[in-house]
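Just dropping this structure here.
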Amino acid sequence: MTRKSDSSLTDDLLRPVFETSTKFYVTAAVLAVIVAAGFGTWFYQIYWGMGVTGDNWPVFWGLHETNFVFWIGISHAGTLISAILRIVNATWRRPVTRCAEVITAFALMIGAMFPLVHLGRPWLAWWLIPYPSERLLWPNYRSPLVWDFFAINTYLLSSLLFLALPAIPDFALIRDRTTGWRNWLYGKLSLGWQGTPRQWHRLESAMHMMALAIIPIAISVHTIVSFDFSMAVVPMWHSTIFGPYFVVGAIFSGIAALNIVMAIVRRMLHLEKYLQPIHFRNLGKLMLAMSLLWGYFVFNERLVTWYGNTPHEMAALWSTQLGRYSPMFWTMIFCNFILPFPLLTIRKLRSITATVIASCGVVIGMWLERFLIIVPSLSYKGTSYSWGTYLPRWPEIVIFGASFAAMALLYLLFSKFIPIISIWEMKVGQHSKIKVAAQVQESEAAGELV
Amino acid sequence: MPHKWGMAVDLDRCTGCEACVVACHSENNIPTVGETEAARGRAMHWIRIERYWEGEFPEVQVKFRPVLCQQCDEAPCEPVCPTYASSHSEDGLNSQIYNRCIGTRYCANACGYNVRFFNFFTPSWDKPLHLQLNPDVSVREGGVMEKCTFCIQRINAGKVSAGIEQRPLLDGEIQPACVQSCTANALVFGDLADPDSTVSKLSKSPRGTKLLEELGTKPKVTYLQRGSWDDSQKR
Amino acid sequence: MDRRNFLKVGALTGASATLTSCGNPEHQMIRFIPEEEIQGGIAIWKPSVCPLCATGCGMLVRVVDGEAEVIRNGKKGLIQMGLARKLEGNPAHPISQGKLCARGQAAIQVTYHPDRIIHPLKRNGVRGSGPFQEITWDEAITILLSQIDGLAAAGSQNALAFLTKPMRGQRQTLISRFMQSYGAPPPMNFDPFGDQVLRRANAHSFGHEQLPTFDIAQSRYVISFGADFLGTWNAAVPQSAGYGEMRQGKPGHRGKFVQVEARMSQTGANADEWVPVNPGTEGVLALGMAHVIVNLKLRPGNLAALAEYTPAEVAKRTGVKTERIERLAREFAENSPAIAIIGGTPLAHTNGMFSALAVNTLNTLSGSMGKPGGISFMPQPGKDAPPGTSFNKFVTEQLASPESPVKALLLHEANPVYGSPSAWRVREALSKIPFIASFGSFIDETSILADLVLPDHSFLESWVDDVPESGAGIAVASVAPPAMRPIHQTRAMPDVLLDVSHRLAKPLQQPLPWKTYEEMLKDSFESISPGADTWNNAIANGGVWGKTGEPGVRPLVPLFPRYSEPEFDGEGVQFPFHFLPYKSQSFLDGSLAHLPWLQELPDVLSTAMWSSWVEVHTETARGLGLVQGDVVEISSTQGKIQAPVLLSPGIAPNVIAMPMGQGHETFTRFASGRGANPISILAPMAEPETGALAWAATRVRISKVDAASKLILFAGGMREHPDDHR
Amino acid sequence: MKVIKNGVHPHRGMLTLLIILGILGVVGLASGLLFESSILKGQPIAQNPPVGTTGVFTPAHSSVSLAVRHFFGWRPAAVQPIAFNHKPHLEQAQMECLYCHAGALTGPRATIPGVNSCMTCHNTIAKDKPAVQQIAEYFNRGEEIPWQRVYGWNDEAHLRFNHAPHLAASVSCGKCHGDVGSMADAKRIIDHSMNFCVTCHKEKKASIDCVTCHF
């Protein structure tokens, strides 16, 4: 271990925090405008009413709900994965973890917006908060939406904590290198971190406990999201496998998102040195596993429905297999299964670009999956007289786009104020560089994760 | 003793004249959404006459089925509402409490009969059409779910007058607008808790069936299937 | 600040930025002192009579107080008044029996219609182009008087004409007397889709020029030839009530109902057996059945007269299988009391009279005439109006002579410009008339030609009376006082007419002694059944009814009509399809298209709202490469219209059908410029004896055109899956 | 520890944040204002009291501020056009509440008496009093007195209150309206909150079912 390598590493990783290019302002401004447009559209929808969306009778849920499930799904990349990697102490995780946890935090914030956006009277949303009211009324604890409310808040809180804890030493590092308001700000953020062994010990154990705690939370959250659907007697919704099905799907889309984000960060902040092919490769393997699992669930779901052959379910099923929604369904199968499979299995193809391409496919595919779960079932619900269809209209699409812009914007700002790669963890890594290298070789050879 | 309001629909009598549909609009201030919105599938009809073709020309037949809220005992719409806007009333009605509704539309998705309707926009009446509105029923605003109430305003009015006169409610004293208007007397409304009421008797008819019974929602609306002439000849 | 408000503030962040002052104009308006005794919030029920169709249902009006915007001595303001809120059938009334059809219940919107004419108007611009200007009632009446007096002065009283929709009771009497005493020809009733043919046929067969009353409740077998008797034909409400009883009212006895028609109507949809026949051959089928009945000696009769109607022969002409004809005949004869009904399309062929007589023959054979479960005719108390002038005659004369023989036309609730084939050139005929005054409440295709509009009260605001023609076994004379006070600056047509008749240069005091229509009604009712409180009871109950003499049916030997072949306009190769327009379940012949509730009421078979459509058999459509919603052009020899296709399995492959009612050029914001009007392309064919329009005798061809479909269906699934509904 | 010197102004980060938040705020507010301005020319809404519907920030209200006030249940105290005084009517004239508010006994609404019923007494009694003369002026102009309602709920409440059953259950007027006799003009001294209603319903074993009042 040499002082120089350390400081160079530190400088590399801190550069984004201190240097701000005009490119940054432009990107930020553009994104901000899109986000603002999203908010504007929301005002518009609130003002005139849900009628400006494409929702109708009987398809009362459409794009907003799809996006809700989608973003909550994305959020499962970060915290869950980094927690798992921490527990199994995969050393290659070090540069990845923070990128991942940040995704969780922001994806959750954005995802949690959509239940509000889809409300007919959002200004009354506070009725979901349990408090002793003058009306002598409480929220209906039997409602999956209320479960959502609690689950998502818990997850958001814990993953913010999980993000903040390991950032403390880095805050301290920045504090020590700055003056003026930053010194003050980061001083506050670093909670008086001095790097004493006792503090280090506390941090480690805290991280370990958090990691253990966060896994069940993460899993429960998306299970509960799946309950929004599986608890209702609606064709193709009322299924027992929705819990695990959603969790797998969530992790699946999450990893994909993580890959894409990492690639972008790597390019934009010139972190090629730290985010190496191995990270993409390993995450790729993880994604492949999820792809297979997901495919297995889809197969199950469809097969059982088809075999069961209850009339009101068949209508919804066929509409996705051969009917009106089949193009989307087969695109989904292609994106989630046929495309990633070769890209991630065949060793020669396994490059960063390939992984990113696969990931893009998966993100698209998983969005389609959410849509195909929600809309066809509602279209073919109840007596055939009342069947319907759904087409989104511009407000939904604008808000959908704005949600992506919001993600990018938040990420951009975050990387502006906090090093996107945990510096101290990298240092710890470097102190055992040789070990890492060895491990890398091993894992290369063994072709396994750790 | 709490009441248990129910309805029997005699499909052998129903002529599909749709008097009930307009009666319902008139009684319950149901908004007329207009051409554009109707084209988007947002027309509101708390009661509708579903019709199904059977067979092929020339041996073709039609079956009519008036569908309104089935007022299920095990209603899928009730547990899913986060604010108790959709709740079970003492009389077993699936009541929709407009002021408590925040517009998640979850109840409408859960409902297997698609009898819940959402105010996508705040309704408006070109003056002076608003003078036709029934002052005993509130006008629902945008963002609120609404559905058949079995004409709760008539039920409550009946209870009040009976209460003031300190007498029990009579069978047939309360009639929802659709029942009152049914030209062929296909709709019968009454108290299922009272075994002697017409509706209880009809609900026990061998012709009686429930709509989408397999959902296990225990509807309080009984459909009396169409008879066939040949059978009645055999008897 | 307590927790609740804190949360609310949280929910409201940012909103406070956009606060503006509020102002509700309604609250600044002055309020006038009520002109009637009302208790706030208490509902009262008042009798009335439904004016929308010829049934004449007695109704109850639910009146609850409310605040209406009115004008009093020049000032605009609000006034608390009793307002009609809901219409229901009057349980005491023999016709409605406490029921009211969809149309009847929507009638309330006539009163509150936003496009109602709310004060007298004077034409101000090119006739027919629309611009009218508001005038006072005094001016309006003066103009009318000057016109009528002008004619009298010129000695050409007979140049005054009065055109109304079919009317009954004292309104009809009043108008006739007015015209008579003034020296003008009797008023014209415009009703091209009425049942003159059947009335005449009944005169031949039973000695009653009147529509029959069917005791369906008691009958065990009903065969209907094209009559939409549960929907739009004759007394639909009592007939539906009877039908319900026939089906399930008599334990163990479930009556059978057979419908014979080429296009499945709402009534046909309820049939136990639906028998499609070639258009125009319904009568043949009826006589075929008669042949079987007589042949099997089930009833006595003269087989020779029926010689040509052997089942085989009939089968060939009608397209109904021989066995079926025999079975139907046997069932009909064996299950008495049995009724055969004819109405609608079969009467609208050139051989309508033959078909009507044929069915009457069947009824005579069945022997259920005048019996319970059979057919009877309602007594018609106080019916003294002479027969009206023929509208067709009027039109032809107008078109014939260079300058119009009619100098002044009074128009009341008739819309011939919309409701007659374009071949009749009614608009042209009317436009020639120098002066037209309309009493209508709306500007429609005809009243837009008026020079003067004297808006009538709505039926809820005025005295109403009626003498139903059919629907009950006993005599009925309905009458009711206004259910509510007028909300606009309108005046009741009868009162205006009486007022005018008294203020003419040569006043008509003697024949029309009454100050108001109320007095006239009072007189007439006390003449019907003398008695101290007849009148008070009548207006309290909504009329008087009871057994006044037997509903006499002349017992007849069945008379066997001579067969006449139906003629069609447009020959088969060029125009391959029979074109059957039919009265829409919502709008009848189109006079109700302005009521939003009815526009949004899904047609029960097609589930269509706010649009018109053309029904094509699924196979036919496949042959022509048409799918649901494709827009087609329907062309007859008389013209062409466009409408979206609706696939229907319930229509003969060689027939296409289209509902009347839409396609108004000018008829309020709700009906104008919506859909297409099938009447406009009808050929001017006529039933020879009565001269009635044979509106089902047109042949057409259809061709796909590329235009945006305006087919709006309520049945969600139907939007994409016409086939999922089998 | 040394500060990195890389020629970058250290405050850029802060600036960026401010700029972006600025844009967000401005556009958000702008859109809000835009829609607000379109409220009054918004889709036609029948505005008579029975029709006025609810929904904050939607065209249901004639203005957003009205919406907000309804939302918080802020109601300005009623200001009567004429200084009406209950006291003398109840104390000197010994009148019952129901004498003027007759509707309460039989119907849903207690009804504020019209100028006609005022004049039945006041064309003879206390004609010299200025207030009475004002009443007479209204009467002669053929106008109602624009009394303002003291109690009542927003349309949001979807509340259908009926006086008759409450009187039948011998609930005194004062229970809900306070001792009006001791006031000059009626004031809203009792808050008709849901809590207030439900508590009493519980005491009296009356139904506390939602649809008893909200439909």
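Labels for the chains are A, B, C and D, by order of writing; each one numbers its residues from 1.
Note that in this section contacts are C-beta pairs under 8 Å (C-beta built on N, C-alpha and C of every residue); 3 or more make two chains touch, one makes a residue touch a chain.
Given the structure is predicted, the values throughout are model-derived calculations rather than measurements.
> Which other chains touch chain A while also touching chain C?
B, D
> Quick check for you: compute each chain's CA centroid and the global CA centroid, then name the chain with the smallest gap between them.
Checking distances from each chain centre to the full centroid gives B.
> Relative to chain B, which chain has the most distant C-alpha mean position?
Following the centroid criterion, the farthest chain would be A.
> Tell me the chain pair with the top count of C-beta pairs in contact.
Highest contact count among chain pairs: B-C.
> In whole angstrom, how far does the Cα centroid of chain B sit from the Cα centroid of chain D?
33
> Based only on mean CA positions, could you tell me how far chain A sits from chain B in angstrom?
Taking the average C-alpha coordinate of chain A and of chain B, the gap between them is 44 Å.
> Go ahead and note the Å separation of the Cα centroids belonging to chain B and chain C.
Each chain reduced to its C-alpha mean, chain B and chain C end up 29 Å apart.
> From the mean C-alpha coordinate of chain C to that of chain D, what's the distance rounded to whole Å?
47
> Please output the residue numbers of chain A that touch at least 2 other chains, ranges allowed.
Chain A, residues with two or more chain partners: 48-49, 57-58, 121, 123-125, 134, 384-386, 388-389.
> Two-or-more-chain contact residues of chain C, please, as numbers and ranges.
8, 12, 15, 41, 66, 607, 715-716, 719, 725
> Where in chain D do residues touch at least two different other chains?
28, 32, 48, 50, 55-59, 71, 108
> Can you list the residues on chain D that touch chain A in the complex?
1-4, 6, 8, 10-14, 16-17, 19-20, 23-24, 26-28, 30-32, 35, 55-59, 71, 193-195, 198
> In the complex of these two chains, what residues of chain A are touching chain D?
11, 14, 17-20, 24-25, 28-29, 32-33, 35-37, 39-40, 43-44, 46-49, 121, 123, 134-136, 176-182, 409, 413, 416-417
> Taking the complex as given, what residues does chain C use to touch chain D?
Touching chain D from chain C are residues 5, 8, 12, 14-26, 30-34, 39-42, 66-67, 72-73, 77, 80.
> Report the residues of chain B in contact with chain C in the complex, numbered from low to high.
Chain B residues touching chain C: 10, 12-19, 21-23, 25-27, 32-35, 38-39, 41, 43, 45, 48-58, 60-62, 64, 114, 126-136, 177, 180-186, 224, 227-229, 231-232, 235.
> Per the contact definition, I'd like the list of chain B residues that touch chain D in the complex.
Listed in rising order, the residues are 84, 87, 89-91, 93, 95, 97-100, 121-127, 129-131, 133, 135-144, 149, 152-153, 156, 160, 163-164.
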